[in-house]
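The structure under discussion is supplied below as structure tokens; questions concerning it will follow.
The chains carry the letters A, B, C and D, assigned in the order they are written, with residues numbered from 1 in each.
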């Protein structure tokens, strides 16, 4: 039995970790960390957990925690883990960080976009970017996993094979993303009030959202060169789900007769199949079928669909995830499974809930 | 492995049966019946089931089906099963009917409230009303289970112990119930359109809703005499969930000194504990805590809270369920577990999803 | 032109006053009071007002304000106005208070239910309860109007004629009310977050909600004796709207032959017509039609429907309003119209928006 | 008083015409056409209109109607008006068509994208595309106005000045649009059910949506050459509102010293001001402020914001409208005002409703 500690257990991502781990047959939560609710019963904070969780929230003490558990999940604000992580902690326990602290290899980019000083850049090199479908082997050997962001997981996976195969021009990529409100967390802020979000849609963080450099870094690895993209997030009046609609110019490829032409549907599909054909969590939809966030709700699936537009010479790619599952807690558990040599989908064979 | 056939597999209740049974380790769905989508892939009707269900929808043939499976769930309109059920079918397979056809013992009440002729009243006596927490032992020995309605499950369980113990006057009971839109089914009808339901609340079926006699019959058994109540359903702009707010006059009970007085909080609580103390699926909330439908979403739980109002001499009882789970598919699987001698919560240890 | 000052102009009720008054041909807003946003442009707080309101928010100074305007609306927390109101203010300007400070005539009931000391009980006698359809004449002569609460407006008007005419027993009245989230105000509190309210319904303040004594006092006047009722509010995932579903035992009345019988549909209807037949804002729906909050959204209408249940001897009455309009700002403007001798529906002929 | 006939008065766009015209002091609705509800009271179809509209729905008879009214609005399916329009009708009354029948000048493009034969192409040349801010003078002299589509109004106006001024490359334009569910109409279809739309977002009509050629034609006029774009609509779980997020490559422009550079914020703003500075209905938001659909709900406003992204050399432009108002009925009334020489915003000074 893997002993698990969660720091930030009362945020939405932390609570989703609890939901998933309660049904994981090889894991047991030993520590519900929450500095806001110390000594309160966890089930009082989350009424859905009544009778399922009897534990009380504990203070956030990473060192103490690391000696009692096998793995620590930190679902905490940016800068929290970077300010506390030590070699001792990493010797005691695996760490999967759901914040952005170790996602970007270049500390200056982190400090630029997040506007905070990074307190432990010495761990950046070691940290593995936990996008399981791409970095699976590295994760298996890691001590410290940087769990990808919700928007980034969806944005990267939707375009990855086509960039890797050179079928689209990565520098023309535009990601128009739409997220449910749980992505904003459980903080009591005016813009997150029901009456402000409901019956409304808006863009935010236009050209400045912090997930941009994370997408660029990862897609840069795929492209084999630096990539600059547009990323625009939108807030949608729903609890869960991210839909990324992505646009990029198609590259012409050689045909048997030597001429150049846009790729056919089958070639695009083959590229996706090459990378995702054996992936349990990635579902490539059939021709003319586009993903809907409701189809993945509550599950760890990534649904991907695409449409070639020969009129404009562009690809339109669409990906959908549940931001709290594949975009946060589910992928974190997927990483845990990799770290401990379990089947990757253990505890994650969640059937999406509809309606 | 229990072989399962579902008739009406493409309605919301049928789809929820699929969702639950896919994770049930002792059951296997062999037949996805749907007269509207014959020969279409099930996953094309429900995109969430892509790659999880490879089957194709079949015509509704009860006789053929009964020879191939151990249990048949009928998630069909009123009158469907009553018009087709035969002794032969019941000899071949257990039947759990999610419609109202066998819920009311008195055929004239059925015909009155449903305005259709009952085609097989000969099975009414044998049918067991599948409210597991109340009729558990009878269900175990049944061939034909009448799975309770969604409103009724919630309404009955919320008041049952207090009526059984005589702490409230059953004939003063008023049930004001609120349901999410999935209770109306997947029929393409104008009142169920997004723009008609969203940002709106209304009562419907006032004083005439068909779940009324079902509640009255069952609470009548508890009271030991016929009961007449008010039941008012409301449509709430959400997908899932039923909340029943119930009002009844408290009965004064004898105190040690012989005087009469309203019961105390502890006495009310003791009555609930007497009937539900060992029930896995019924969660009696702490003092001053009232149920929220979100706390049971996706699960088979019934959450119950109450408040004594000494100013008016009334009890206010509140119960919440997920209408598609405990109110339909979940309770149907709970009945299946009873019918086949499995642990009652097998495949039903679903953790509610929040948010 | 009536010069208007609003204290608390940046709450939802205050903002609705602005929305309505901008289209009122005889009124002009001179003061946008908001202690939270002093010196900020109003249109920055409410983006919908961009280019429609050029004013900047001002500090809350009642005395100064009263010398500059003809009427002050206070859309402020309980206790605010009671702590500041003076004779001088009332000599300078009319005051319509949207808080509860002057709604209850008995100061001890106020202090009991609101748990705050009333700082200016000397104005209680003078204050007129501004339920226009009931107290129209008194309002015309008032200086200080206590604008009714949202739940109370809906709850009282729905039952008023039947209690006044003795057709129902007021002490059996149970009001099960459902409100959209704007009723909770614009405070940044966790329970009001989108993800907490959306896809959820719950009761709150059961047997303790502060609108209870207000309903009781007013219905007591109608009944000619003290009345004790049950009132249970619920939070519904929608922005606007209140639906009150009300239950009461019918009283038997004398028939021509001297026997006693429950009233007929026509008699109930006649009672409603007697009081509301000439009311512009009260719409008595046809037989078998029940109100929906969407039908009154954005308007000052009160829609009322009813159903006699002879099986149980009870009336079910249903009323719907827009909580921000007839439940707050609309009624406040209706009171202003009365105070200044304008047609009562001036600026309030708002057509409900659907969908 | 302008006498108005509405064909298709019971669809959402038709109902919005009714809502707006009821408050228009110079117009009077004489004919509520609805072939689905002939002889039913209009207020029975739309409960919000109870007591405000006493009329009964009439059959759709354009010829008869044209003799009784000054203007006909057709809020009807594609092909309806094209199959019935005659010279006689146009001699009798002005016609504003809310369908797509006369929006595209090239009949072959219409027949291609709509897959129906155009039955009266002889009126195409005469028809004026009723995008008031662009074609104001032509509308004034028209008999037949093709009221623009909802997506198109928003998409075109958001980019128009920058294309007209050559600040962006029109052929790089990508319009990612998001719409509330009322855009799909009131047809009882499964994909429009509450449970299918709620808690969900999806793209549809990718690379094939019929509003594409309409946007291309109009932006082509602005660009002075044919334009090919990408347009992707999405369905958002809300009743009203369209948000268009638009991307295009900036063009470098000459600076005083002769060098080329991307335009500055002020230059972009100046371009918008040049075309929209005097427009009542177009609100150019301040720097760093992006439109939200809630800010225009119920009004005829178009809110526009933008962000220059120097990293990628792209403009991100965002526009928001209420799809039923500026995207349909409001713009139709604006066209009516132009046709009859009234102030353009007569009856359209609607204050957006928030929340």
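Quick note on the criterion: contacts are C-beta pairs under 8 Å (C-beta built on N, C-alpha and C of every residue); 3 or more make two chains touch, one makes a residue touch a chain.
Note that the coordinates shown come from a computational prediction; the quantities given were computed from them, not determined experimentally.
Compared with chain D, the chain whose C-alpha mean position is the greatest distance off is B. The chain pair with the larger count of C-beta pairs in contact, out of A-D and A-B, is A-D.
Computed from the mean C-alpha positions, the centre of chain A lies at a distance of 46 Å from the centre of chain C.
Put simply, the C-alpha centre of chain A and that of chain B have 37 angstrom between them.
Along chain C, residues 12, 182, 195-196, 198-199, 237-240, 292, 294, 297, 355 each make contact with two or more other chains.
Taken together, the chain D residues at the contact with chain B in this complex read 12, 181-182, 186, 188-190, 192-199, 237-239.
Interface residues of chain B facing chain A in the complex, by the touch rule stated above, are 12, 15, 19, 22-23, 46-52, 182, 199, 239-240, 283, 285, 289, 292, 294-299, 303, 349, 351-355. Residues 174, 176, 178, 180, 195-196, 198-204, 206-207, 228-230, 232, 234, 236-241, 243, 245, 247, 290-294, 297, 307-309, 311-312, 314, 316, 318, 355 of chain D are the ones touching chain A in the complex.
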